[in-house]
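A, B, C and D are the chain letters, set down in written order, and residue numbers restart from 1 in every chain.
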Amino acid sequence: MPLWFARGLRRGVVTTRYPARPDGSAVALPTPPAFRPLLLTREIVDRMIAQCPGTALSRAADTLVFDAGSCTACGRCARVAPHAVTPSGEFELAATTRSALIKMVPILGERR
Amino acid sequence: MTPGPDEATTAERLRAQIAAQFGRSLHIRTLDTGSCAVCEQEIRLLSAPHYDLHRLGFFFTPAPRHADLLLVAGPMVRAFEVAARKAYEAMPGPKVVVATGACALGGVYQADPFMHGEVEAVLPVDVWIPGCPPSPLALLHGLSVAVGRLAEKVPGLAFVADENGGGA
Amino acid sequence: MTAVEPRAAAGTREQLVRALTGLGSLQARDGGAVTVRIPAGALEQAAHAAAGTSGVRLADMFAADGDVTVLRLVWAYETDKPGYIITESEIEGEEYPPLSDIAPAAFVEECEIYEQFGIRPAGGKPLNRLMLPPHAGTELPTLGHEPSRPPEEVHAPYTVGGQAFEFPFGPVRQVGVESLYYGLVTSGEEVVDLYLFTWHKHRGVEWRLRGKTVSEAIFLAERAEGLSAVAVGWAFAAAAEAALGIAPAPAALRTRAVALELERLYNHAAATAALCQATGLSVGQAAAEIALERLLRVNAASFGHRYLFGVVEPGGVSRAPDADALRRELPGAYDELRRTTDALLGTNSFVDRLEACGILTAEQARRLGLVGPVARATGLATDARLAAAAGPYADHPVNVITAAGGDVFARFQVMLGETAESVRLIRQFLDEGTGADRTLVPPRASTGLGWAESSRGEVLAWVALDSGGRITRARLRPGSARNWRGFDDACRSQNVFTDIPIIEASFWLTVAGMAR
Amino acid sequence: MNPLDLLYGAGGAWLAAALAGLLAGSRRPGLLTCCALSALGGAAALAGGGWSLIYGNTPVVTPGGAAQTITGGPLQLQMTSLAGVFVTLLGIVAVAIAWYAPRYHEPGHGTAVYLAVYNLALFACLAVLAAGGMVTFLVAWETMSLACYLLILRHPRSDASARGAFWFLALSEIGFLLVVVAFVILSTKTHATGLDAMAARAHLVNGGWRAAAFLLALAGFGFKAGLVPLHVWLPEAHPVVPADGSAFLSGLVVKLGVYGIALFAFRLDPVGGAWPGLVTMGAGAFTAAIGILYAMGERDIKRFLAYSTIENAGIIVTAFGAAMIFHAYRQPQLYAFLLIAGLYHVANHGCYKTLLFLEAGVVEHAAGTRDMDRLGGLVHRLPRSAVVTFVGTLGIAALPPLNGFVSEWLIFQGLFQGFRTGSHLIAILIVLAAATLGLTGGLAIYAFVRGFGIPYLGMPRTRQSAAAREEGQPIGGPALLAVACVALAVGAPVVLAALSRAGRTVTGVSLGRLLLPGELTVIPAHADFSAFSPTYLAVFLGAACAVPTLIYLAGRPRAGSTSVPVWDGGMVRFRPRMQYSAMTFSAPTRVTFDALYRPAVSVRRASDDPAGRSGPVHYEAQVTPVFERYLYRPVIRAVEWLADAIRPLQSGDVNLYLLYVFAMILLAYLVGAL
């Protein structure tokens, strides 16, 4: 046991300060995508939806309905359109209503 | 409740809230309703030195009798429904249910004869934590949100959280 | 039970193949796997021939439903040129030869096949419920047609004479562990029997893979056992590739291998932490968890996911590791783990609990067809990585770590040896270069077998595709699905209840992998 | 007018009951008449016995005059206070059983005969206790044995009952032989056949003969009293007798063995010297420990109770043995005190053991089995029986405030004063015996937690036990005995006063005030040692239970509270197989004392396939019957061997026999010629 005590002291503190301070390790975490409405077209969106293994993406007319709750951050949509989709880097997603996790992204790419 | 503008006081506020309403300890019971075993690994890591949720006044308890918070992972396999309901009913109020991970939120499996596909179908979920798996950090954040919900559920108490405007 | 004992003289693989072909006809032969079609009549004889050859292990057994149910046995050949031999036989009617009498390892699969396809071994031995819970509200769909009558209650430990009783535990167990029901049959003192219900987690993965393309399917496949996502994913992808007749680029395979070894590392670290928890050594647990967390962060830094989900894809990999990050981070994290394990080995209160605890003999392991560290700890040098005809493990042969004794301590030592080995391999793979190439997949109707060595042991996957490239039958067999069957024997070798958590930690299996 | 006259009434009533049973027992009214008469006799015996405690010994009377009666000697009757204790018990037991029997038995031919025999047995027991001469005693004793043998043969077709009856008869006869020899020695040496006369002239006999006579008597009566290793008939016989029969066997017949021992030890031939006492005490302590240990290994309620009877007999005999030692060491007060304590335990055990056997009968009829591991949850199905049984269980587990505790406390207090003998060795040996009894007591509590908890608490383990109903089950008799148990506890001072009078007639020592200085306080023979009051204790405990109950009732939360099922880990449902069973409950003892039990464990499965077992698990741990196997079996084998050796002589061939005759005559001639 003394050995463990010594090791513990030598090891020092590794505990994160989160939530008081942001935690550095968060940057490496996979995070749900953020969409650039201006670069989205129906065609791109439909391909992304086809690629999405879960139920996170769907399209209602000219809006991309993105359910962050269902998203597994697998990154397949990003591979369809790397320019239009980037990791959001947002991991503090917990919500008190399910609907708060569903984001409406207007598809503005058609306009141009 | 997303953490207030003043980051530095979040942890303080959390601790204070837990102290005020739950005698300095908020007890968590976890449920695995058919996860792929990764959410469990992340939950176990919450008590590991890197995250050490005890410092915030959270504790794990094996008995739902002593639990205030039910941390549910997995797509709610129908064969597990009985156990899930029993565990929920065994908890004293006020209690919150936290659905953890994409499976629990219905992102991986659809409802079918094997499973409900999401926790909400069986238990009244109060907090949803996305992610596959939700990292311990995401879980910590989710728990802090859950404390807010729990605080709202406690009848007729002055919320420390609300007093310093963090009640969401 | 009169299980066939292997003859002392090991026939070569070719001899066995010839023997089997003599009974039937050679179907296909690719890389590591040979497929032989055996008429149902000769199946028993073929099983005798295979089980009678030393170094041959019944690795898996499953059925597929077409116009007629086809029964496939996967034999792992482990001596001169490791590889796999699949025998496929069409079963008319309800019954096939009682294979578990020849190779006891077949018993669990016999139960599963009966549940799913309604065909049972002749002789009417009682079969157990495995996946389908007796209390399921709705009728659960099965892969094949329904059994004529449902299997008997699992092990129904109705203790006649009542000199023992069932100590119920679960399905909701300790915090942060998977749902699992233990029926601990005890006479008040000794562990008379121990049986498990895993159906609380049965998600019908194989059932829901049907009709998907392999690219869609791998998403679910790697979630069949999340803690071996890479291994299961690789096995599944390899099966698909074998079926489609494509070979991923070497760089991509090395990427997979790196991911696989990283997975092995963090799993062994997690097992170490669990062992400490089971032995009540909190400080050791904390230290091991620090190492575990660092390893997971290495994963995140190198592959962008703490559990390496989505790395493997049919035809290649989705992304290459950040080699610099890996070279930078891994040694530190590994040293952390190594320091902890060294300290653990110097802690008597820890080691004493491990020694002579949960003993499995090599004989048991062989008969039960156990794999991975559990089997290697009994001295069996079984490792699916050896069965690679080509690819990273062919270029960089892995030296298989074995131990004698078959107790928890032996398993622990095997794990320690493997962590060192993994680090060595990762370094070599990185030096040779990794890449994210992915050959696209032209659809074609065929079948294929794939395998990989997860931290829990050999993972097997078998897929049958239709001409549209959609799955008609996929079989996933993670290591857990094998090794749980050794668990009750290990526990029964013990008379102390408090050793059971230690044994469970040393097996380090997942219920998800068993229940799928 | 003296107690004896009342007992004539009792005897007459029982003979009448026997007759009524034999003639009319096959129909309900006849059955009722028989039981009524039996109860009447019981009441008479109760009165007579009770009176004789106060009255003292009656003179010996010979109703038939000095004429030779069929007994081959004058019929001599006498009622002593010592016997009075047993007669009183006989009365209570008889009444309780008579109250119980009509509901327990179906009218029928078998029942008729059975009840007739039973009443005959009662009569014989009374005769044994009222015998004033040795011939009368022996005849009555043998009659009693034979009557009991017939009782055990209630269902003669079953092998079990044949075996049980045979064990009983064989051992009784051996015992009888020894007893006869013991009596013959005494009577030839004292030239007397009357018990009083023998007692009076006992001092004329030299020590060797007296010791021999005593040891013979100890062994002979030990067979009845169930002293280990002479006990084997109890567990064999009790299960096969109807419940009231086994109640009678345990409650009374065994006590008659104890009476015989007391008769010799204290009245007929109080041997000088400590060693007979030591032998008796050792035998008692050994019996007590072995008895309770074997009880732990039994699942059949009746066998379990039978072994516990052995244990209690052991306790009583231990007390008697210690009394003899104190007598030898000139400690008259302790001598008298331990005799009284022993007699007290006789009365107590007579009550609660009878009760428990009767309730075992109720359980068997209601649930269709006596196997604890097939019962369970009876407290909800047989509430009345549960309450009564619980009282009896508290009594036999010697838990305050019930009667078992009182008598065992007295016995312990007596043993703890072993130091007063002055001899270190003896003191140590006595304390050793006390320690053995301590172990026995502890195990007894354990055993009866099991004996009550497994059948009555938890969930029913079989459909039958789930379907158990209380309607039509007898309750009166056991309830009466439960009342008696409480009375014996609360009324301890009265009982002790009566017993000390009875004791005085034997020991000549008057403990009266020394034993009961205050009204309700008991002093174990020496005021400087200890004291306690069963009555106050009972009252206090009652209050101690009442107070918290009241507080709870008063302070119970008025706020609405929700009740949810027990947290079971999310199982679909508890199954009966998930509860502690009788054998698993006693597994720790089995493991601790496996040297004694030598359990043979066998695990079988429907399929013992190494790759995953399937089908029911069958686990059995058979306890080796050490004494039967290593003591009796060799004897039996020897006898059989002898029989085989002799058989060839009798070929059944007439010519051969003629040859024998011829040879004999020839031999005779030759002898004559020489």
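We adopt the following convention: a residue touches a chain if its C-beta (ideal position, glycine included) is under 8 Å from a C-beta of that chain, and two chains touch if they have at least 3 such contacts.
All values derive from a computational prediction rather than experimental measurement.
S.K.: Taking each chain's centre as the mean of its C-alpha atoms, give the chain farthest from subunit A.
M.R.: D
S.K.: What's the distance between the Cα centroids of subunit C and subunit D, rounded to whole Å?
M.R.: Using C-alpha averages as centres, the distance is 64 Å.
S.K.: Just the number, please: Cα centre separation of subunit A and subunit C in whole Å.
M.R.: 32
S.K.: Just how far, in Å, is the C-alpha centre of subunit B from the one of subunit A?
M.R.: 20
S.K.: Multi-chain contacts only, two chains or more: what residues does subunit A have there?
M.R.: Only 14, 25, 29, 54, 72, 74 qualify.
S.K.: Among all residues of subunit B, which ones touch two or more of the remaining chains?
M.R.: In subunit B, residues 49-50, 64, 80, 82-83, 87, 108, 132, 135 touch at least two other chains, as defined above.
S.K.: By the touch rule stated above, which residues of subunit C touch at least two different other chains?
M.R.: 135, 171-173, 179, 220, 286, 290, 293, 306, 309
S.K.: Draw the chains as points, connect those that touch, then say whether the picture is a line, ring, star, complete or other.
M.R.: other
S.K.: Go ahead and list every pair of chains that touch.
M.R.: A-B, A-C, B-C, B-D, C-D
S.K.: If you look only at subunit C, which of its residues touch subunit D in the complex?
M.R.: It comes out as residues 1, 3, 100, 104-108, 111, 125-128, 135, 152, 155-173, 179, 181, 185-189, 192-193, 195, 364, 367-369, 485, 488-489.
S.K.: Applying the document's contact rule, which stretches of subunit D touch subunit C when the two form their complex?
M.R.: Against subunit C, the touching part of subunit D is residues 299, 371, 373-374, 461, 568-572, 574-575, 577-588, 590-591, 601, 603, 605-621.
S.K.: Which residues of subunit D touch subunit B in the complex?
M.R.: 564-565, 567-572
S.K.: What part of subunit C is in contact with subunit B in the complex they form?
M.R.: That would be residues 133, 135-141, 171-179, 199-204, 207-208, 220, 223-227, 229, 270, 273, 286, 289-290, 292-293, 296, 306-307, 309, 510-513, 515 of subunit C.
S.K.: For the complex, give me every residue of subunit C touching subunit A.
M.R.: 216, 219-220, 283-284, 286-287, 290, 293, 297, 300-301, 304-306, 309-310, 318, 339, 343, 346-347
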